[in-house]
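All remarks here apply to the structure that follows.
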Amino acid sequence: MTKPFKRILFTGAAGNLGQRLRPHLGQFADIVRLADLADLGPAGPGEETVRCDLADRDQVMAMCEGVDAILHFGGVSTEEAFAPIMQANILGTVNLYEAVHKLGIRRVVFASTNHTMGMYKTTDLVDAGMPPRPDGYYGVSKVFGESLSRYYWDRFGIETVCIRIGYCWPEATNYRQLTTWLGLDDLVQLLRRSLLTPRVGHTITFGTSDNPGRWWDDKHARFLGYKPEQSSAQFANRVPDAANWEEMQDITLTYQGGVFLHNGPKYRS
Amino acid sequence: MTKPFKRILFTGAAGNLGQRLRPHLGQFADIVRLADLADLGPAGPGEETVRCDLADRDQVMAMCEGVDAILHFGGVSTEEAFAPIMQANILGTVNLYEAVHKLGIRRVVFASTNHTMGMYKTTDLVDAGMPPRPDGYYGVSKVFGESLSRYYWDRFGIETVCIRIGYCWPEATNYRQLTTWLGLDDLVQLLRRSLLTPRVGHTITFGTSDNPGRWWDDKHARFLGYKPEQSSAQFANRVPDAANWEEMQDITLTYQGGVFLHNGPKYRS
Amino acid sequence: MTKPFKRILFTGAAGNLGQRLRPHLGQFADIVRLADLADLGPAGPGEETVRCDLADRDQVMAMCEGVDAILHFGGVSTEEAFAPIMQANILGTVNLYEAVHKLGIRRVVFASTNHTMGMYKTTDLVDAGMPPRPDGYYGVSKVFGESLSRYYWDRFGIETVCIRIGYCWPEATNYRQLTTWLGLDDLVQLLRRSLLTPRVGHTITFGTSDNPGRWWDDKHARFLGYKPEQSSAQFANRVPDAANWEEMQDITLTYQGGVFLHNGPKYRS
Amino acid sequence: MTKPFKRILFTGAAGNLGQRLRPHLGQFADIVRLADLADLGPAGPGEETVRCDLADRDQVMAMCEGVDAILHFGGVSTEEAFAPIMQANILGTVNLYEAVHKLGIRRVVFASTNHTMGMYKTTDLVDAGMPPRPDGYYGVSKVFGESLSRYYWDRFGIETVCIRIGYCWPEATNYRQLTTWLGLDDLVQLLRRSLLTPRVGHTITFGTSDNPGRWWDDKHARFLGYKPEQSSAQFANRVPDAANWEEMQDITLTYQGGVFLHNGPKYRS
Amino acid sequence: MTKPFKRILFTGAAGNLGQRLRPHLGQFADIVRLADLADLGPAGPGEETVRCDLADRDQVMAMCEGVDAILHFGGVSTEEAFAPIMQANILGTVNLYEAVHKLGIRRVVFASTNHTMGMYKTTDLVDAGMPPRPDGYYGVSKVFGESLSRYYWDRFGIETVCIRIGYCWPEATNYRQLTTWLGLDDLVQLLRRSLLTPRVGHTITFGTSDNPGRWWDDKHARFLGYKPEQSSAQFANRVPDAANWEEMQDITLTYQGGVFLHNGPKYRS
Amino acid sequence: MTKPFKRILFTGAAGNLGQRLRPHLGQFADIVRLADLADLGPAGPGEETVRCDLADRDQVMAMCEGVDAILHFGGVSTEEAFAPIMQANILGTVNLYEAVHKLGIRRVVFASTNHTMGMYKTTDLVDAGMPPRPDGYYGVSKVFGESLSRYYWDRFGIETVCIRIGYCWPEATNYRQLTTWLGLDDLVQLLRRSLLTPRVGHTITFGTSDNPGRWWDDKHARFLGYKPEQSSAQFANRVPDAANWEEMQDITLTYQGGVFLHNGPKYRS
């Protein structure tokens, strides 16, 4: 069966999500080029690997050559001191879009984060038309990426789907994780939709499964046809019920960003 | 069992939708009056037929006499030169509402079209409160009908449900059809809701089934209680996946109107 | 198994909803304190009862002592002359929140009503951000309660979930009831979500089951994770279909408030 | 010259605003009936006076007989214990609208207050379509009045203009007063517009002069044609400039309600 | 001094507005081509005249040849039987845009009307993003024109400014005229802005002077920089003040369309 | 006379705006600390100067010590290669807010730019609640600053006014400059309001004078009380009128960003 693309690039392949997604990427292209700063092990069938420092303009250009589309999951993916975030997430994304532009690549799927809106309250319903409210350096760096990719769409017609990924780990064990959980199969579906929908323009979509509570309204990306088939409801019984009002005074329950409220900003590297 | 109405009128009965809907109309009324400019064949049980040129004021008046409600599917239903559209869809609708007003008929279900908004992009989410963006003479003529019927509601209290019908054919074979597909049973359900909901005022609703991707948000018509039970998901495997970026540059993928972008306006009759 | 609360208070326990809910409250707390002006019968296991006139400041203070949270269902629950409504619903709610504030109670679930918006049309889609449109003294008194509790949240951080309860009786037998029906199990689920969600701030939510037609959009309370599992669809066949246009001229079909349009205001006590 | 009305009623004539407005009311009607619980002194030319306890249904009925329109400024006009507010502002307003309804009076101008929205922040822009955020019992009682009068419009077609009056004293001496100041001539103009505009329906308008800073957007009442001709800019030099950050931590600078944040609610009468 | 255009076309030059505007058009172009079905008298300096039936495709094509821009004021400008409205305003506008498209003309200024929204209430604030609410055949025909020109912008990049002209006569003598009055100099300014602003896309703007009351919010056309310098305030003393509640029951005071509510639709030609 | 502050910091004092603003800053504080990477000449009365590389964390900390408030105009102020923009505008702003946070400084006025929204069309009306649409690296870097300062407000209560400065040069000579022009006195007024308004939270305001055309709606900052007293109308006669359709095809007339559309992004440093 013909695959949709000849070659796609997946950056950040050695990271947590990268490792879990790797076995699912083969359906999208004849060749999946996996990239990371860290070692990726041997390439499997239909894979090729490349070491790349995103902060290095030339390496990024080389990494992007010859691909049809990019899944950009590389960079720092948690709260950190600003220096490494700036190198990987800010300069790295600038380098990537310069390459995309010069090489005529048509579409990017950008791994953004729910921490772009972590300072919204847990009683808010957030959609993609509302102003970002990041909860730390990491979140601000992803706002930068969303804004930069918007520019490349408005000015040059390069399409990007920004996925504000929720809590994407195998299990959810507290209230916040229950609400923001994203199952791996659902993420794969969302990647598929983001890659194969004929037009995506510049779209911000929220990566969550069909969980009981919802903080995010994905209406602006409804055309993608993403329909989650997993749900955090399966983990509900692991989250204790007792309403201990004292514990519940914690600020991390008030804001969507959760523990990132305590984490950032990191002034000490 | 008592049927809701004594007599209803269905115009455009010889058309594509008319022929497919005809067997389903008996549930609504003791007598279904079928009308068209073309031959309708012999009347079946509970049917009566009438030949009518919508552009002829007197014929229209006669056609409407004695009915409780009207399903107005008559007129030109595709892009055409302006002259026939004007006669059937503009003058015809004016004639119809004059008759409705004079005869004291209380409710009309008006077959409008998704081509009233065909110039929205395929990445947009459109609802009934947004300004129309027609994609040709046909679409503009239906905007006219929606606007005229709005006037008859605002000024005279005559109720109309405008159904912006999607792609209503047995099968969907490309991306646009998958997104806009309307199954026949769902259309029948929507007609039922439009006829029997106690109050409808002037309502614009979107006629689609429960397809994976959605371009239209039907929130303004939620009170109708329409709940599609069909889905274009059944046809998904007929639509090829391969993302051929070249082919995908076609303007008909950019706008919701699809091939109507190439069709209209027809300057040559 | 540990229950979420040590002691909760349920007011209005002798009323219609009170009697039906009583058997379901034990899951929320070790002790359920039931209160009403009327006799409540003997306390069952895990119950304690108290007689209380909501208009009496001291009685209310006593009633509230020692509880972790309150389900406030007490007061007049239908259209009435203004005097009793003022005593129970206005003065009573003022007394309650004074006690809540002085005693340091953290959360109230307030039984509001769909009659706070009964003058919206049956073709409208109402959400919690839209201005109230009450349909009588009863509705206005509940607007008062919603507004008072909003003040206690904005100024003192006391959390309240206002549930605009629909038609909560065992069966639905007309159009309005079909649209606004709330099953008891769904109400219990909504109480659970309102009590146990870590943060609720001041939230207005709509208490309906998953009925076919919808007049209300609960998006502002989506974070609660309420997911109705009952539906009035089971009663649809009891509601006659016949569209008798004459009967349908009744004003109670035009406005969401239904028969309350005829009831209020009661100038004669 | 013919005056617009034969007889109008002005309640609260002995209050602060009542005394200042009294000399300006003669332009509206041949006879101005002044009412208050307190002594009003001798009636001047074109005046008649009446003593009335708003909480007394019969007195209110008598007070309203024979008038064409009402300017309802009576009641408690500041934060107070709840009992007097309930009697004058809640029961009093209920009594008034009962009389208005029974006597067929067509229009009321209702003195509401900016304290219906005192819990909005001083950095917010508030309009009449946004939910009230009262800052105490007084504010909540005025939300009640706005909601009650809305009901009388929706259900019975009785028109009311609710004026959310700003700081209406001769001089402004601090930041909050500068922003919310309403000059007396502007108030008179606003009364004139509220009485004489052919249609007002139920309208909430913001009573401020053309001050430099604005917290309120009066767009929903633009049809009234109110055009303030006074400005608090004349008092700007009386408000000291020094930005003493310590003093500025006061909560009364954060919320629009100002000192009412400290005043209410009054639990001790 | 160089004029902005070489040749512009003004249709409807023999009409009321046409005659009053004619002396002001010379500033826009070296040659002003005046067109009408009726006699236009001798051409003055810088003028040329043409007789044209808008319903005649060939005549319209000839009329449009060689012009840089069009001010389209031709057609029926009041409530009428449908037949003449259809010929002049519907078929006529279709013919005009076909010519514009084929001839490569870049911009049209289209004389639309406030009667596209005459069924909004006089207490509403209407902007260009809200759905039309026409008050008769005339209003519906202008909705058609706005929608058709939208299509030509969306599909072919032809720019149109639709001016919803208010009451454009020398004097205002009643409430509605006071509110909707448009002074001639202001109209000329608006034409100038519509012709000379570098980009206008498809814009709907409201043609009123700086009158005290406002029903329309022109925010979507703010970029045009139109700043009315006339005001109906000069006529205010001609409009009697007396609030005669009986007379004020007239439906023409309730809706923005005024007497058009009584005029339309004209079933008898 | 007492000045509002003891000491304020103005960064970027050697830049274009810095030099023009310098003589106007003395009114705000007893001591104005001027900072720049470039030479600032000798300090005048009430001034002190400091050389500072914004990319140097320690230098920035030292620069900020002992000040009450900051006017942050430093950094790159036009389209440039990304490296210098990243150092000055991204790292520099991060360093600044770290210092502000650690030193307990309460308020920053941040010189943002209209290029954060340069990809909106010249027919759009933009307000501060709409998503940014930057037109190059420079614009994206300012989006970063707005987002970072939002975080410091949401998380730590540090107030910032972001001024999206328009075209702030002595004279306007083309259409875009006419629309976006900001007079120096108006800018000084805006700085005054931004510094002295008791509460500003995190506010984005648009820095333009009272020009005829408007692309920006400053409603979200209306509380600031900024009232421009200058206007670009004085330069209108310098902008030629002639509508040369060919020239007008330039993309820089389509988007608000103007020539920045051609400038960025600069891939070659």
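Per-chain residue numbering starts at 1, and chain names A, B, C, D, E and F are given in the order in which the chains are listed.
Heads up, the rule we're going with is that a residue touches a chain if its C-beta (ideal position, glycine included) is under 8 Å from a C-beta of that chain, and two chains touch if they have at least 3 such contacts.
Chains and their UniProt names: A, B, C, D, E, F = NAD(P)-dependent oxidoreductase.
These figures come from a predicted structure and were not determined experimentally.
Student: What's the overlap between the neighbours of subunit B and those of subunit F?
Tutor: A, E
Student: Taking E-F as the reference interface, identify its repeat among C-D, A-C or A-F, namely the pair sharing over half of the contact pairs by residue number.
Tutor: Equivalent contacts to E-F are found in A-C.
Student: Please work out the Cα centroid separation of subunit B and subunit D, and write it as a whole number of Å.
Tutor: 51
Student: Counting in whole Å, what is the centre-to-centre distance of subunit D and subunit F, each centre being its mean C-alpha position?
Tutor: Whole-Å distance between the two chain centres: 41.
Student: Touching at least two other chains at once: which residues of subunit F meet that condition?
Tutor: Touching at least two other chains: none.
Student: Each pair of chains that touch: what are they?
Tutor: A-B, A-C, A-F, B-C, B-E, C-D, D-E, D-F, E-F
Student: Using the touch rule from the top, collect the residues of subunit C that touch subunit A in their complex.
Tutor: 2-5, 68-69, 106, 195-201, 203, 219-220, 222-225, 227
Student: For the complex, give me every residue of subunit D touching subunit F.
Tutor: 121-125, 175, 179, 211-215, 217, 241-243, 245, 248, 253-254
Student: Given the complex with subunit C, which residues does subunit D contribute to the contact?
Tutor: 82, 86, 90-91, 94, 98, 102, 119, 129-137, 139-140, 143-144, 147-148, 150-151, 154-155, 261, 264-265, 267
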